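When the chains are written out, they are named A, B and C in that same order, and each has its own residue count from 1.
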Amino acid sequence: MNAILEVASLSAGYGRIRVVSDVSFTVTQGEVVAIVGRNGAGKTTSLAAVAGLRYGPCGGSVSVAGVDVTGSAPVRVVRSGLSLVREGRRIFRDMTVLENVRLGAYTRRKTKNLGTDLDYVYELFPTLNKYSAKLAGELSGGQQQMVAIGQALMNRPKFLLLDEPASGLAPAVVEEMYDRLRLLADDGMGVAIVDQSVERILRWSDRFYVFESGRTALSGASESAAVENINEIILGVVRLEAAGAAPAPSGRLSASAQQQEELSHAGRPQGSDTEQDHKSSRPSS
Amino acid sequence: MTLFFTAVTVGLGIGAIYGLVGIGYTVIFSATRTFNLAQGDLVMVGVMLSWFMMTLNHVPQILTLLTVVTFVALISWIEERLVVRPFLKRGSSAFGWFIATLGFSVVIETVVNNLFGNHAISAIPSPFPSTGFKVGSVIVSYQNSFVFVVFIVVILALEIFQRKTWIGQAMRASSEDREAVSLLGINPSVMSQSAFLIAGAIAGLTGWAIAPIVFSDPSIGLSYTVKGFLALAIGGFGSVRGAVVGGLLLGIAEQLFDVYGNSDYEIVVGLVIVLAVLILRPEGLFRSSAARAV
Amino acid sequence: MTVLRRVATGGVATFVIWVAIAMLAPNVLGSSTFRLGELEYILALLMLATGLNIVLGYAGQLFLGPSAFFGVAGYAAAIVATHNAGLQSLWVMCLIGAVTALIVAAVVALPSLRIGGFYLGMLTLYLALVVPDVVSHWSLAGGQQGLSLVTDLNFVQSPTGVPLYQIGVLILAVLALYSWVIKHSRLGRRLAAIQASNEMAQSLGITSYSTKVAAFMLAAVPCGIAGAYYFYAVQFMNPSVITPNMSIDVLAGITIGGGGTVLGPIIGTGLVGSASQFLGGFNQYQGIVYGIALIGVAIGAPTGIMGQYAKLKERFLPARPAVAPLAGKQREAARGAGGPAAANSRGTSDGSPRPGGDGPGVLLRATNVSRGFGGVRALDGVNLTVTPGVVHALVGPNGSGKTTLLNLISGFYRLHGGEICLGPHRLDTRRADQIAQLGIARTFQTPKLLDVESALTNVVVACDRHAAAPVVSSVLHTRGGLRAERTGARDAYAMLKEVGLDEESFRFAGLLPHGTQRLLEIARAMALRPKFLLLDEPAAGLSAAEVQALSRAVRSAADQGVGVLLVEHNLPVVFGLADQVTVLHQGRVLAEGTPSDVSANPEVVRIYIGRERLTADDRITPEGASS
């Protein structure tokens, strides 16, 4: 029986700003789950909250392979077998690739055979082996992303959550990365990936969830997904007429008043306010 | 010329002390983004305890060393638990911990004053001959050199620690991005406790090493606190390298001023240098990513 | 005389009672020379604390070595007095003390306030070590023994005895008043803004460096007078008086009593001073108590005694929050601003230009803007022009650089390439506060407000920018200054009414719901009478009704001729509100035009969805909705 990551009725926010009100999803070992939705829908906040990073009051429940980690600090969540690769390639730039990756195994530092785990990661991402002595800050974006994933993998997680790993990367690089992630899933890991490009991630995933206004609005099997309906939700597009081409430009993105109301719950703050804040913890999804 | 080199060698010894205090700050600052104003007083505790054990009670050197290091590390750890932890949890950017650690230093100083304040200020006998050895035409004191050696040992030990041990690596990473570190399953609380223990041990070691060359006087604590900070201000926050260079430069500058200027006003040297640094190159000589938080 | 009138409305009775009690203290505690000396020392400490509070409590800057200023001033007075029989009067000494303290403050403050933070704290602490050390070696200052007028036959201490003590009380009362007028003035509001958030202060056009320097200098005066008074009263000065412990005592006093209030430091330092003077045996252990007090207060009750008192008062006698600095008359004026006056008060109460500024044609232009972050190009060759009276939305997916551009325009980030201009003025070479002064107002992703002040006061801080009278008159509470205060309150109220928040004027800003805080930020930004308004994701976390109010406020701003740059990713809101839209993608401009143009642009659709266009073919319904 494959273990399941189960998130139910999650709510989270930043101080007094409630960004996620009711998010529920599951990830089973062996599958790739896609998480889509426009900016501010709550994807990053949800993943962070699942991993134990809280910036305000949280609600709901999270269980990793049967272990209840609701409200736990990241330490406990990591130990239970869940690793989060945050967006923005948050690795340690002043340390080497090898140091970065090895540090990911911190919770398992007492284990004898870390070498084999390292080999596994190198097999998956040969570039890391090639540049193992280089300072992580000197690598390209795609390489840094691999470092971040490799680091997370050293935890031998049952579940790997990736928040917009494709952002800022060339399409070819993304394809290669997603291919590896698919391999990981085939090897028995439960993988969840957030991607802004709906069509692309649907190709690589088994199931999908659409986040909207802090809730999981839609879900289903990827191969039978109607990109239409998903796009509607994302852009607030009025349903297309059955026949013919796209509707007249003026009507395209003018959602009905009711839809506007439903969709006006925007997400959470993005980016950072000042130079000093740039390295702060606020995600930017 | 002899005078010049004598001043430089003495300055290296004094600068080593400042550097040691600065290293203590750096270790804590990297892991916790707070500044422990009690660091200088912890060194003072090391000095006083060494004096108490060696001079008053004739305890052998090595045993004193072990006791002092352990004891001061323990006090530093207690400080982390009682005084600093509430601020780390809160994660606020206000300077409450500045005042709180200052308060702790006042408590330490008063306690030590009450325990030993009445005793006459005296120097602790040095295990080394007081004549010193010759390097060219310059006479270098053994005790001073010993302090410098201790300095080098601490730097190397820290370097090894930070590169070879798991916790050391985690602390290095922590100075860059604490949140990322917590996502790797590293307990931030363990980080900060380790930092305080290490900084405390360094302070204790420093106190023991300098006990024979400074007077056993409880009031030196604040002076070292500030001088250690000056070392970082000159050399740059956030890196051991900064503490080392800054401390040595400050020590040498002071000694040169003593020789060529007026030794009565030695204390002004630090002020002038730091003001100059603030005007010319505020981030210190060595920039580092951790420094931006200052 | 107007000052007295204000004091009259502010509890002068209590003030007078306290002064009277203090004057009579020797009757209760004894009036021997020794006892008087102790009391005079406490008075000096209280003066010192009052001065320190202006920097530490009001401006929130870590000034930790007041004993240095005390020492410098006292020694200056002492040196002059012991060498010059003609300059031995109390007033001359106080003058010398104040001037000396000012000079030292300038020398120290100018370089170190540029850095601030705990740098400043350490430096001032160092100063507290330097001063006693230096004077103990200086023959002119009497070395270790110090200076004394006791044996000087020329010196006749007059006033002396109890009257001298009472004069000290009066001096303290004047200094407390000095502290009060500073706090309840435009300067006080600026200091509060700086303490709350440097970025917020800058965005309101407050030059935080010069304001902090001003605060430092103002604080130096009471510190200097304290030293001079002390020397005159006890007639000697030596290094053992001005040890760092004095600084610690005063620091403990302010922290315990509650910085940021006029009374807090006096109460706290009074306690600390009395304890150390009158509890003999306590002396040895006082460090432990003060240290623990510092720790405890810093951790548990950072607002000190006065803070706890305010909380209790709020609990048991809930009243409107004190609308400092508005006295009753101004509150009425503010409320009277509703109605026809409001329509005209959009910036015309003193004749200065309405928002929208010098008329049409002043464009906000970003040309070929580039900015990188650690190897990533956040913005690359971006061109953007915002026109007055137009709502211009800036949208784009995650990481497209929207917020970066906004921060670049408002001066919080440095440009790496290109330039940004407001009409003929280059913005990218200027500081954030200068840019705000030129007419660019902004809001922040998380509202930055003065939580402990009322909504009205928050807006008044912005209205201060356009006050007709200079800051000095506000501090001195002259007739002109007070008139300007009333005008400011009226204008602020009108701004709040514009966004529908007039009902909330007197509520604590920190307690307002999130959506209301955002509107408050906008009202405050509009109070700057900007030419351009930059909004940083204002719709985040708002309910539908709040978004409506927001949209109305934005539209109203544009209608008044302000050019609005709206960074948002809530697309329906944007497309309903914006006149122009610029779409950013990976740091470059992808598309530009009206909302309908942009939404029909296949490139835009693709970056959001991942496909070129929507077709009518896909009709398969998804399997199972989410739970």
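Operating definition for what follows: contacts are C-beta pairs under 8 Å (C-beta built on N, C-alpha and C of every residue); 3 or more make two chains touch, one makes a residue touch a chain.
Remember, predicted model here, so these are calculated numbers, not experimental data.
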item: Taking each chain's C-alpha mean as its centre, the one farthest from chain B; value: A
item: Chain pair, A-C or A-B, that carries the greater number of C-beta contacts; value: A-C
item: Distance between the centres, which are taken as Cα means, of chain C and chain B, whole angstrom; value: 35
item: Centre-to-centre distance between chain C and chain A (centres being mean Cα positions), rounded to whole Å; value: 40
item: Chain A-chain B separation of Cα centroids, rounded to whole Å; value: 44
item: Where chain A touches two or more other chains at once, by residue number; value: 93
item: Residues on chain B engaged by chain A in the complex (per definition of touch); value: 166, 169-170, 172-173, 176-177, 179-180, 182-187, 289, 292-293
item: Chain B-facing residues of chain C, complex; value: 62, 64, 111-112, 114-115, 117-119, 121-123, 125-127, 129-130, 133-134, 137-138, 244, 248, 251-252, 255, 284-288, 290-295, 297-299, 302
item: In the complex, chain C residues that touch chain A; value: 199, 373-376, 397-399, 402-404, 407, 412-414, 444-446, 514, 536-537, 539-544, 547, 568-573, 575-576, 586, 595-597, 599-600, 605, 607-611, 613-616, 618-627
item: Residues on chain B engaged by chain C in the complex (per definition of touch); value: 35, 82-83, 86-87, 94-100, 102-111, 113-114, 222-223, 225-226, 229-230, 233, 264-265, 267-268, 270-271, 274-275, 278-279, 282, 294
item: Touching residues (chain side chain A, partner chain B) in the complex; value: 51-53, 73-75, 78-79, 83-84, 86, 90-95, 99, 102-104, 106-107, 109, 151, 155, 276, 279, 281
